[in-house]
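Two complexes, one shared chain (chain A), two partners (chain B, chain C).
On to the complex of A and B.
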């Protein structure tokens, strides 16, 4: 079985996030970038399936600027067999991403595609679902447990009320939640060897997809600074403030 | 001169940084307080290839350069200087076995040392042979196909925990030309340990004397050729000095990082400490000194990689400069933290205690000056 894993290069979850000066986006200069944590989990799951003898090849794919090669190399160091970069300097919307991934899926014919449920930069949480629709494949999103028996994939997923179990026959799409697994660290020798694994770069314009954004971002503003708290001296004062200042009761 | 790291070098430092934050930083305080030797964590590091870093891949090592190893030690030491320093000693001995050992010794040791199922210690110093190491008197006498070792080694890092000891012994004439390096296993009859030393820092690894009383060791345990041990010891120490200096860089980086956070949250006289010019200048000086030390350490590591002729001088200079400056940075960080810096609730005092010994071991910083001056005057 061939598995395709989509990985996105995002601002590191522990980096300080700043809105840029003209309020059109997030400052990415001099900010540490790394693999989207949900995608690390997606790759880890693929690696475990390969270690169980259930997968024969893992392809990591990213869509983004040329620097996204670093993220793909990290995927190769962790154990993916080869990598594909669809190169673009544009900020693409989920539908376009799904369409590009669809193109590659038709070419590579994986039986399973694993994606993070969302990227931590814009939290869209749409690409996996849209890709499933374009491919007309079954999907199991927010996976917290994956079991594969022959062609049958069983996925436990986290929903508001608890856990739901879904099953589908391959091919299909899984998007991963936080508690699916704990990603491994790459081993030193594998980091050094990652460069010798194949990494194909495809220009995004060559895939015949209209990349034009449908949405316009008007402005991005940081949340207001939280004002200092106050100490109330009685329950009556608290009720008064909740009713007349906060207007919540 | 190229000062940028390669993609692989950046990737490996990032990986080690993440490993440090996940596995080392949260535990370092406990290891220090409980004098705990964290073998489980060390084995996790070994699994990532951190225990035989600059041993050749065909011998089961990670095949990194010394510069890359220095980058790794620096990142690890940001979590715990003491544990990283022990790992650096283990790496040094593992390299010695890889570089000088016979294929029999490779077979016997390398895979176990690379996984840290076995750990290693380096035994040069004696009670009366410290800075004057060539005056050592622990002896190995040939008896058939064995050596019989008698004597005692002092200040041995990892003693009691390590499985194998690379011991410098006298096999020939007085002075540096009569010394050999022999590997002695922990379970060899006649090998015993002194009481655990009570130290200022380096609490996550034991230090003790190692005694040899008619210790019978097969001659196949000899590293390199007989009476070449002192040159092995000194060659290993060049790398050891760079490694210890790199550990100092990590400790100082952690102190600087903690100070930057502290001065931005602590207010006095109605403003953040970071708004006082004196604090700003202190931080700027700390960062500049750290960067200068870093450049010297990286250059010395690269000198070993390229076998540049002045490598002995460069390693000595880097060791002296980096360990002095990094201790001073920790001291400044403690001052910036005020009374809190003196408390064990903050990590600064642990870094300060752990970094202090770097000015003493792997050749004191005074010996470093002797080495530098000797070569200056010879030129």
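On to the complex of A and C.
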């Protein structure tokens, strides 16, 4: 079984997010960039399936600037077999990302595609579902447990009220939630080896997809700051404030 | 006239509160709103839905292939029905997030997730970077697909004396779909986390699942509150994941949020900072949670919480 894993290069989850001065975007100068945490989980799951003998090849794919090669090399160091970069300097919308991934899926014919449920930059939570629609594949989103028996994939997924278990026959799409697994770290020898693994670069405009944004960003602003609160010194004072000042109890 | 199709979330007992929050957003965009309810158990919710002011039509489809909210066939149906509508909406719950992007792709439309403010009929605000920034987006597509952040809109409550007509649909376009195996839903007598007026939330400082039961539960009972938890508490096994409040859990905005033993990691704050009144109880005076709290109390939660229960 061939598995395709989509990974995005995003601002590191532990970096401070600052809106730029002209309120058109987020400051990325001198900010650490990393693989989207949900995508690390997606790759880890693929690696575990390969270690169980259930997968023969893992391809990591990213769509982004030339620097996204670093994210792909990290994926190769973690154990992916080869990498594809669809190179673009544009900030593409999830629909376009899904259309590009669809093109590559048709070429590579993976049986399973695993993606993070969302990227921690735009928080859209759209790409996996959109790709599933374009391929007319079943989708098991927000996965917290995956088991595969022959062609049958069983996925436990996190829903608002608890947990739901679904199954599908390959091919299909899984998007990962946080509790699916704990990703490993790359070992130094593997980081060296990753440099010689194949990494194909495809120009985004050569895939026959209209990359033009359909949405226009008017502004990006920091959220309003909450007025500073007060410290109370006893339970009695707290109850008094909640009862007579805030009037919420 | 701008017409709107809203995918309602419901169960056998009726409409989910998230649907009513989404209806409030819908009413800001259209005065011709159709609610779509699918699944074998949708009749009761449809009757409820038809009574809400602002609902022009209700459509139901009882076919078994829509049971349990599975995305593939519901998305195919919604895409099939989309033609006359300007807006397609769903709540940004796990139900809506699972289905709506699939609808959007079937229609080749760019979707806007988690709309938290409607500025005009084609301009919307959405949180990005875990709520660390707010993005204002203009959408000039002829058809617009929007998921609604339910905590940003009040629940529609006004009823009408002339209920909307209910149409029963019979078509059921088929997609390659998952099969439902089972689900374990948390059964609770407390209010639902995302619609509760009061939330008592615990963090890692609670130290055990037992303390969630013996300290937080009685306090929640006293205030008729839902119980929430930080990701740290969930990861440590003190609370189930469906109680998680934060960027990767539930986004809440109750009247009163009491954070107990929660340090205030950015991803937790993203899930609760729009609460009306925030109380923080923590032994560390430097905890980040105090920066967003209206009332802070520094001290040992093991003493404070029992005292609070006794005096309330």
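By definition in this document, the second predicted complex is superposed on the first by the 230 of 249 C-alpha atoms of A that agree within 3 Å, B and C clash if a C-alpha of one lies under 4 Å from a C-alpha of the other, contacts with A are read in each partner's own complex, and residues count from 1 in each chain.
Quick note on the criterion: a contact is a pair of C-beta atoms (placed from the backbone, for glycine too) under 8 Å apart; a residue touches a chain by one contact, two chains touch by 3 or more.
Every value quoted in this text rests on a predicted model; they were computed, and no experiment measured them.
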Partner chain in contact with A:34 - chain B first, chain C second, else both or neither: first
Touched partner set for A:230, first chain B, second chain C, both or neither: second
Partner chain in contact with A:107 - chain B first, chain C second, else both or neither: neither
First, second, both or neither for A:74, with chain B first and chain C second: first
First, second, both or neither for A:192, with chain B first and chain C second: first
Comparison of chain B and chain C by chain A residues contacted: C
Residue ranges of chain C touching chain A (in the complex, touch as defined): 68-72, 75, 93-95, 97-106, 108-114, 123, 127-141, 175-186, 194, 198, 223, 231, 240-242, 247-248, 250, 255-256, 273, 276-279, 290-298, 304, 307-308, 311-312
Touching residues on chain A, where the partner in the complex is chain C: 11, 17, 19, 26, 93-96, 98, 120-134, 136-142, 144, 154-155, 158-168, 172, 177-179, 213-223, 226, 228-236, 238-239, 241-242, 246, 248-249
Touching residues on chain A, where the partner in the complex is chain B: 34, 70, 73-74, 77, 185-189, 191-192, 194-195
Touching residues (chain side chain B, partner chain A) in the complex: 7-8, 10-12, 14-15, 18-19, 47-50, 53, 57, 62-64, 72
